C-alpha cells in the first residue's frame, strides 16, 4: 500500500466538529441554519461586522491571499455567485468559476461526490449551488475541504438566512424585541422559512401576511409554535403594518400559482408602495431577497427604510466572514 | 429612519461631472464618445500610452490592487470581455465574470437597474454589454459606481472608438492632417459611425468606400458636414487608395444584406489583398475592428502596415487607462 | 512602413526550439507528448515535484504574479479547465476564462488563428481545448505566445499523459521495471494511447485488457513493438492482475459501441471492485482519467491503492510546472 498523503490537504484538513485550530468553524461545512446556536450566530455576525469595517476602510485586504474558492454552480444564480466571488476577491483570494457544469462532466454521467473530490484537488473551499435537496450534505460527506451550501433546491440556502438576520441586526442594532412581518409567497419562499427558523433563537414576534393559497406551511408554523415564539397569520398587511419593525417581502411567482389568474389581483393587495410606508414606523426596514418584480414599487427605493439593496451588501460581509472562518483565518 | 451609509461606497462615491479627486474622470461613467472634448481625449491617450510603456516594462502592476470589476455581458463578446478582464488583471485588480446573465436573474424578470444596484454592492466599477440602445445610460443613472459602456446594441461602443483613434495616434504619431478612408459596411457598422464622429475633433479628411446599399447614413454625414470636415463617398477604393493614411475596413455581414446574392460580388470589390497594398502609401495602416471574414486576406497580415492585431492590443491600454481613471488612480 | 513593435511581446517573445532564456522550455508550445525525450520528462517531473512541495508548504506563491493565462475552451471540460485555472492561481497569476467561445466570435465566422492572435494581445500564455485534431498546432503556428494543448479532439491531450506518468513516478517512486495494465476502452481511449507512447521511453511491460471490439489499435501496437517494449493483449484481467503494478482503467462509453446491448455485459467483466483488489499487489495503484461511471465501484475509493483522485492533484502540479516553464520562471 502506498503511504501517500495528499499534500495540500495536510495544512487544511477537514476537521470534525469541535476539533479546532483558530475557531470552532475551521474546516467545517456550512450546510444549514440549524447547525448554529445563538452564540455562534453572534460570533459570525461579529466577524461579518469586522469585514464591513475593513471593507469601508481599505476596500480589500489579503487575509485569504493564496486561497482558492471553487464556485460550483449547477444552476445559474448571478447574485449569489457574484457575491461569493466578490467575498473571496475582497479577501485577496482567487476563484475558480464553474458555471457551465451542467454541460460538462455531469453530462458524461459523473456523480456529485466524484466532481467534488476532483475539485478539492484544486481548491481550498467549495461553494455549491445545486437544484437537488441534500446535495450539499452529500458533497460535504465526501469532501475533505469545507463545503458551503449556496442553495440546494427547495432545501436550504443558509448564507441567505444569515445575511437576512445580519441585515436586521446591523440596521436596527438588535433582534430581540422586534416584530417581523413576512409578506407575499410564504408557502414556497425558501428564504422566509429559513429566516423564521433562525428567528426562534431570538425574542421576536412573527406576522405572516399572504393569500390563503400561499400561506406559511403547517410544519414551519408547528416548529415556530414549539419554540414559544408568538406568531399570527393575516391576509392583509393593514392590521400589523404600524407595529412592524421588519417587513420582509418575497416574490410571488406566477408559475407557482395553481390559478394564474389570481396573480394580477395579488399585486394590489401584497405590493409595497410609498403609500404603504406612510403608515409604517419611522425606524422600520423593508427587506426583499431580490429579484423583485412588482412586490415593491421602484419609488420606494428612495426611502431610507428600503433596505433591500443594502441587504445585498450585507451578504458580502456574511460570505467574507464564513470564508475566513472555515479557512481558519477569522 | 435608519442612518445607515453603505460603507464601501464611502471611499468611492460616484461623483457628478466636474467634481473630482485625482482627475476629472474619477467616479464618472464612460457612456458615449460625445462626452469627450479634444483635450480630454489627449489626456486619455496620454494615460493609455503610459499603460503601454508600463506593460512593456513590467507586464502588470498593482495600481488597482483590491479593486473589483463586474464584467456584465448580456450578450457574448469574447474579444471585448477578455480585453476588459486583462486590463483589470494587468492593473492588479480582480474581476467578477458575468457572462451567462441572460439565463439568470433576468429570466426571473429582474430589471437592469436592480441588477446594477445589486452588483455595485460587490464591485467598484461595472462594465456593461447589453443588446439594447440606451441600456448603459439607464444603468449609469441608477448606479453609484462608475459604469463603462462596452456596447449597447446599435448604439455606442465608446471604448472601441477610443482604441481606434488611439491606434491611429500611436501608429502614425498624429491625427491631424491624415486622410482616413472607411470601407465596407458603412451603413450598419457601429464602429465607423463612432470613429467618424470622434474624428470631427481633428483636422482630417474622410473618404467612404462602399456599395450604395451599405453607404454611410445620411444623419452621420450631416453631422460630419456641420463640423466642417471634408468628406467624400466612393463605390471603389481605387480613386482614394494612394492618398489614404488610414484604411479602416469593416465586416460585411451577409445577414444584413437585403439581397444576399450580392454578398459574393462584394468580395472582389471591397476586399483588401497584398495587391491592394502595392498601390498604398508606405506609411499607411490597415485597421479592422475584427472579427474579419473575407474583407482582408490572411497574406496581408505579414505586411507591417496591417495594424489590426496591434489595434487589439491598443484596446487593452485604452481600457486600462479608463479603469484607472474612473477609479481615481490615473 | 511603421516600425511599431508590439510592446508586451518584447519581453516574452516566442522563441524557437533550442533558443532559451532560463530553460529549454521558455516560450515553447506544449502540443504533443512526442516532443519530449526522457531527459526532458525528468526535468518536467522534477519541477512538478517542486510545485507539489511548495503547495504543501505554502499553498500558493507568487512565481507568476502579473502573468495572465487565456483559458480558451471551445468545448466544456470542467476538470481540465479548473485544473489550469488553479495552477495559474496557485502561482499567483491571473486567468481570462473563455468558456462560451462557441457562442461568440466564432459564430461570426472568425478563424482560430485570428482568435489566438487577438487573445495574445491580452495574455501571456494560451491554453486551448478544441474539438478538432491539429487545432493546437495551428494556433501555435500563428501565436507568438506559448500555446498549451489541453485536448484537440481525438488527437492529443499531452498534459493528461504527463500527469498520468507523473502519478506513477510519485506513487511508486520509479517507472522502470513496472508492469502497466490498461483496461477498458483501449480503442477510443485517447489517454491510454498517449500514455502507452510515453511509456516506450521507459523499461516497462504493457498489458492490454479489453473486449475485442475495444482493443488497442493496430498502429499503436506497431509503434510500441518497434520500441522494443513487451506488450500482450487479454480479454480478461485475471491472468495479469497479480503481476500488475499500475492498473489504468478507462471509461467505456456506451455511445462508442456499435452494439449497445453488450454494454451491460462489459460491466461485470471490466469493472474494478474491492474483490478485484484482494488479488492485486499491496503496492500497486489503480488509475483512471475520470470521470468514471461504473468501471470502478465507489467502495474501492477507500483503498489506499485507489490513486485516481490523487491523480487529479498530480495534474495540478504538472500544469503548474508547464506554465512556469514556458513562461521562463522554472
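To keep things simple, chains are lettered A, B and C as they appear, and every chain counts its residues starting from 1.
By definition in this document, a contact is a pair of C-beta atoms (placed from the backbone, for glycine too) under 8 Å apart; a residue touches a chain by one contact, two chains touch by 3 or more.
As the structure is a computational prediction, the values presented were derived from the model and not from experiment.
Overlaying subunit A on subunit B by C-alpha atoms takes a rotation of 120 degrees, rounded in steps of 5. Counting every residue number used by either copy at the subunit B-subunit C contact, under half are found in both chains.
Distance between subunit B and subunit C, defined via averaged C-alpha coordinates, is recorded as 39 Å.
Shared interface positions of subunit B, defined as residues touching 2 or more other chains, are 97, 99-100.
The part of subunit C that touches subunit B in the complex is made up of residues 1-4, 6-8, 10-12, 65-68, 70, 94, 96-101, 103-105, 108-110, 113-115, 117-119, 121-124.
Of all residues in subunit C, those touching subunit A in their complex are 52-53, 55-56, 58-61, 76-79, 82-83, 85-86, 89-90, 92, 97, 99-100, 170-172, 251, 282-283, 285, 290-293, 298, 304-305, 307, 309-310, 312-313, 315-316.
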